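Got some structures for you, see below.
You will see subunit A twice below: alongside subunit B first, and alongside subunit C after that.
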Partner chain A sequence: MENRWSSLKEKTAPYVLLSPFLFGFIIFFSYAFIRSLYFSFTDYDLFSVPNWVGINNYINLFKERLFTTALKNSLTFAIIVTTLQTIFALLLAVAMNQKIKGIRFFRTAYYMPSVTSSIVITLIFMWMFQRRGVINYLLTLLRQHGLTIGVFLTLLTGIQLLLVVTEKIRGRPVEYLEPSYIVISIIFAFIVTYVLKDFGIIKLAEVKAVDIFWLNTREKVPSWAGPLAFPRPLGAIMILNIWTTVPTFMILYLAGLQGIPKVLYEAAEVDGAKGWQKFWYITIPQLKHITFLVVTLGLIGTLQMFDQVKIIGSQAPLESTITLAYYVYDSAFPGASAPKVGMASAAAVILALLTLTIVLIQKKFSGEGRDLRD
Partner chain B sequence: MEGGVFSEVRIVGWGGTDQSIVEELINKFVVPELADKGITAVYEPIVDDFQKNLINSLSAGTAGDLFYMDIFWAEYIIKAGQVEPLDNYLAKSEVLNKDDIIPSLLDAFTFEGKVYGIPKDFNSLALVYNKDLFDIAYIQYPNENDTWDDLENKLAKVVEAFDGEVTGLALAPEFARFGAFAYAAGWEPFVDGKTNLMDPAFKEAFNWYTGLKEKGLGVMPADIGQGWGGGALTTEKVAAALEGAWILGFLRDNAPNLKYGATLLPKNPGTGQPGNFIYTVAWGINANSKNKDAAFKVMEALTSPAAQQWILERGLAIPSRKALADNPYFEKDTPEAQANKIVFLGASAGNVKPFKFKEYGGKWMEPRNN
Partner chain C sequence: MKIQQNHTSDINLKIKRRRWTNVGAIYLILLLFSVLFMGTFLFGALSSLKDDPSSWPPTLKTEQLSPKNWIGAYILARQGGGGGFFGELKSGHEVSFQVTYKYPMGIKIVPPQVIVPKRFKGSGRAALELDREFVADFVKIIPVEEIGRISVRDGNQVSYKIDIINPSQKDFDELPLDLLVPYKVDFLSATLSPNRIERLGRVQSWNNLVSGVIPYIFHNHFRVFNENYSRTTGRRLFTTWIFNSFFISIIKVLTTLMFASMAGYALARLKFYGKNYLFVLILFSMMIPGQVTFISNYLVLRDGIFGLTKLFGGGSLLNTFTGLIISGLVGASAVFIMKQFFEGLPKEMEESARIDGASTYQIFSKIMLPLAKPALGALTILTFQGVWNEFFWPLVIITSPMDKFTLTIGLLSFKDTYASGTFDWGPILAGAIISALPIIILFIVFQRYFVEGASFSGIKG
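And then the complex of A and B:
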């Protein structure tokens, strides 16, 4: 009897401990999810009694152009942003993992975009993306000084190559990116460019001010991509979103990098591995778990992107920025017409299934998940 | 309190300046009138997305007893049976009569012969211009006899005088502004329940409106870092904007030194008529309220001649009572009073339509905005 009692206690203990979480989960997630699932098969509009309409909502969704646009926008957004933010986060983490004086300052500074309110950042970006905004201004400067920059970079590469090749001919071991040579190259390239410019040999290109409509446009970019092109305002949101999410993922990678045993690198060095070989054969495989986490979180976050579309609001045409999450909101509260809660719920269910499917596919391809508990 | 009956009427409306206005109205007109009847009122401002909030709370049964209803979306909640018809209350009322209210405003809230809302005030569009820019350029101010072409000429001269440092008109790329010109050209938004955008009148207005931008005589507020015409005017980089009386308080606070004038929108050269929108907001009573009688009493007090007079004289809005049309306020020589008069006149000059699109609401506008 005593035994059974204690084993019962043992069995129930986890559930008792889980109950605070389960309570919130059941009320705020399960209940809401089941209700949405039910509404997705009805024509509910918040006021009249919901009527069962079967899968009509789902069929109608795919007939609606705004929904298919949202679906396409969401997928494009998720794929591009997740890819780029993962790459940038990794590169930034590697850079932040160097032992340089004051690195802590940079780690903090680079993390700022992630701790700043996304609303505030979106508002700031909306200013920068204006037609006479900072971004168009910088692009204009870049075009004006394009020739100068080109000359400088060519000289830089030329001088560096010259120095390295001379040394190699003399039979000395030297790397292509030898830092002391780079310093010399930069100084010389700068002086030569400056002189050329001073004598008027390189001139500022006469270009019209760059006048790109970042937000208020239906134009699709890149123009050669045909059906794969996405609206430029969505591109603007991508830039903004990547900029704000990279630092968070950088922190994850940084933690991962610091967990890689130094002996692996030392052993590789003994075997004569170069910098990029160490990166490719040690760093990346060692960070596999982190990459899985980053990509999964990235996909979930990007597929559900909502706030930035909402804040940009009427600054850009709805069709050029709408994502699935925003479509759900827009159908549930469509300005001045009847709320289409049924359609909104159906779209929400599709978004949930889509997220689940994509994450499962990613899990399968990355071969992750199976050994996570080891 | 009589018989210990005490009812508190919850009033729901916008946040911002509306909060202080309505609270003052309550203190000045509702409390003195209704305190001995045991009725009090409390204002609950909704700072953002008022309409979404109202729909949600109506659906959840937590909405206030008395609420703002914008003509733009009122039809939907009325059709959903959420708003109490007022005819029985009006029949019994001693202070509020259907005939007191400007008919076109009341019509906007009348469906199938029943009145669902008492308009509290209204607005229309006026051409608000920067006097200094016209003065410096030695150009005559725009006036109510201008046609589209006249206005375009005047704007072109201002732009020329400033070497392009200043543009002509702040052009909001939305139907809420452009539509007034389509109406001026004689376009009807619904013919036999359908919308024809290929109508020559619509095209004419569209080409003129977008043509201003192509000719360098107009600029979208967003392109000069502003959200709307009022903001654009304060930069002194545009000569004129199309806005309603809501711009006045904004200019008072944000550009106190700006010398501005207002006039009616220009006439279409073909029809010889200006066009305009009527924007109006009414008080509606929650059909599921337990306090409907008290709510109606509060509504009476809020729309009483005294309350409306107060609103008008403070330059807050243009009240909906007919009797106030002859108010001396409109003859005052201040720019604000003059602009208010223009907005008041705008509602009855030319081809004017309420700012509503059947039950389609904003959805109807979306394709047109683009």
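And then the complex of A and C:
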């Protein structure tokens, strides 16, 4: 009796251990997912009994302008943000991959935007993106000091070239970006620019304050891109999103960088490889699986962008910020009109399919299969 | 021989010099990036102290951070009869205030007109919801006294002493002040810098002369707490939201730790039917956005989980913490992290325990759980951060009353509270900064776990 009891206990153990998780998983994911699928073929409105309408919802979705706008916005957003954040994260990780004192401080500082909530970040950014906000002010400053910056950069390049060329003529081996010369060039260029400015030879440009509407506008940027252009408020959200996600992905890249065997670089140096060659032929291929991970996570994250649209709310026209995720929410809980749960569910299913397709294509394209399982 | 030695030391020097400049360049780049990443926060935090964070041009200069004003605020609050750091205007006390103007040539020197305005606290919706007595109805203004006059190149610098007495029996927590001078008269300085200068410099306006130092510096932060009261219970909303967020985060951290390690262990080490399918399903669920499943989840909670709550005498779970917690007892990614961790542990201890006759439950609780401490640490931080920052799900199921809001949803409501045409950015920024503080503190203390958590969650794909 005792034995049978304990053997029963052993047999049921996995299910008992899993049960609290399964409770939530079955009700709040599996059931919910299937129900969304079902709703997408009905005309449900939260109150009356759902009627089967076949694929009408899907057909109607593509006739609705707000939906196609949302679809386009979501895709543009996902592609641009994922591309840029991957590149920036990689570059930042390479810059951070140093054994110098105080690197911990910098890591903390960089990671800050990633730990705070979307509402905090979005509110701060909304404040900065006001018509009379910090971003426009910085742009104004840039325009005012454009000449000074131009002169400084020209001097910098000139002095650097001069130093390097003289060294080369003397027959010494020297690179164009020799760091000690850069320091000298910076100091000289700074002094000369300062003097020129002090004597009033370079003047501040007389410019009007930059007056870009970042949020409350229907304008599309870049203006030359035609149908590929996206609304400027969406661009503002892109900047915000890249800024918050780059540090997280940088951490992933940093872990990857530390795993690359030193021997590879040493061998390359023996063969006479230059800095960028080492980066291109060793670092990037070695980080291939991390890049796959970063791109996958990036795509999943960007395709479900919702918070920023909701938080910016009426500060920007809806069609300039709307994404698929927001479209789903807005159709299910519209402020004034009746909920269109059928349409919302159909859009949700499309969003899910889109995510899966893109991840699968990405997986095939990059030839990485194991990462999802490991 | 000697020439060669010289040559080597020359090269050594060059290498050394090069290394130093390299390090310098790296620090410079790192520093620039920190300005980019942290500067935004610091600038936001600094501006949240300002009276008007959207003044143009945006500057780093903040009156609230000038020691001269701290001293002024301290002295005035002491005169009012309260403490220097947290002040008030007590019955029978007199506040004495000095101000200096520059009268240009040809402008008649007349003392400023002193007004104690009746000013509503707050702005937007918050202003309408507070009714109270006005200090202006009780205080007495003593006629302005000229205390000094210096003639300068193109005019006169004149200082005045302004006295305000509270002869009533009542204590007040504020004393606003407006000074009105003729056109073209320049305001130079005062015991306390004015909060606003209006009407082309004719009116200098102070929110509260007797606030004391701390409320003077953190004016907007105090407003966040003081101007938002619940319509149903009368409690301070912001404090309630902070408490709500802490409560929900802590409960969810506990359930996640418990249930994720249980499920993770089962998935990693135990054999059962459908294990592989379940695992694939978990991975699948991590790719599906919450917007796909929320309609059904909303309905499930509305109906009290298929009517189950009726058994316990409850009804709808919308607008309840129970609903918020029960729908997110443990996330799929938390289970995934624990599974990965348990799979990485050596099997020997477990096997020998099994030979000794230990049951699965004993092995799990006595052997595996103690070994999982590092993963549980990272999971704690990760979950806390996730729940504290959660936005979408509370937005869907908690709509009223405002007492039930979490901090994120509460902050969203500030956009309505402090908007009347334009935003009153002071309290909005202040609220944002305050609500980010717990996470930032947690992050600074447990930095290692955050980074580990990031790489853990990175594995999920």
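Heads up, the rule we're going with is that the second predicted complex is superposed on the first by the 345 of 374 C-alpha atoms of A that agree within 3 Å, B and C clash if a C-alpha of one lies under 4 Å from a C-alpha of the other, contacts with A are read in each partner's own complex, and residues count from 1 in each chain.
Convention: a contact is a pair of C-beta atoms (placed from the backbone, for glycine too) under 8 Å apart; a residue touches a chain by one contact, two chains touch by 3 or more.
Only a predicted model underlies this, so the values are computations on that prediction, with no experimental measurement involved.
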{"item": "Joint occupancy of subunit A by subunit B and subunit C, clash or fit", "value": "clash"}
{"item": "Touching partner for A:6 - first (subunit B), second (subunit C), both, neither", "value": "second"}
{"item": "Touching partner for A:27 - first (subunit B), second (subunit C), both, neither", "value": "second"}
{"item": "Which superposed partner A:343 touches (first subunit B, second subunit C, both, neither)", "value": "neither"}
{"item": "Which superposed partner A:322 touches (first subunit B, second subunit C, both, neither)", "value": "neither"}
{"item": "Touched partner set for A:335, first subunit B, second subunit C, both or neither", "value": "first"}
{"item": "More subunit A residues in contact [subunit B versus subunit C]", "value": "C"}
{"item": "Subunit B versus subunit C as contact partner of A:257, first or second or both or neither", "value": "neither"}
{"item": "Subunit B versus subunit C as contact partner of A:179, first or second or both or neither", "value": "second"}
{"item": "Which of subunit B and subunit C A:98 touches, first, second, both or neither", "value": "second"}
{"item": "Touched partner set for A:117, first subunit B, second subunit C, both or neither", "value": "second"}
{"item": "Stretch in clash, subunit B with subunit C, out of 93-101, 183-191, 219-227 or 309-317", "value": "219-227"}
{"item": "On subunit A, positions contacted by subunit B and by subunit C", "value": "46, 127, 130, 132-133, 333"}
{"item": "Subunit B contact footprint on subunit A (complex, rising order)", "value": "45-48, 127, 130-133, 215-216, 218, 314-315, 317-319, 333-339"}
{"item": "Touch list for subunit A against partner subunit C, complex", "value": "6, 9-10, 13-15, 17-18, 20-25, 27-33, 35-36, 39, 46, 92, 95-96, 98, 100, 102-104, 106-120, 123-125, 127-128, 130, 132-134, 137, 140, 178-180, 182-183, 209, 243, 247-248, 251-252, 255, 293, 296-297, 300, 303-304, 306-307, 310-311, 313, 324-325, 328-329, 332-333, 341, 344-345, 348-349, 351-352, 355-356, 359, 371-374"}
{"item": "Touching residues on subunit C, where the partner in the complex is subunit A", "value": "17-18, 21-27, 29-30, 33-34, 36-38, 40-41, 43-44, 47, 53-54, 56-58, 255, 258-260, 262-263, 265-267, 270-272, 278, 281-283, 285, 287-300, 305, 326-330, 332, 335, 359-361, 364, 385, 388-389, 391-392, 395-396, 408, 411-412, 414-415, 423, 425, 428-429, 432-433, 435-436, 439-440, 443-444, 447, 450-451, 454-455, 458-461"}
{"item": "List of subunit B residues in touch with subunit A within their complex", "value": "49, 51-52, 55-56, 58-59, 70, 72-73, 75-76, 80-82, 173-174, 220, 222-225, 356-357, 359-363, 366, 369-370"}
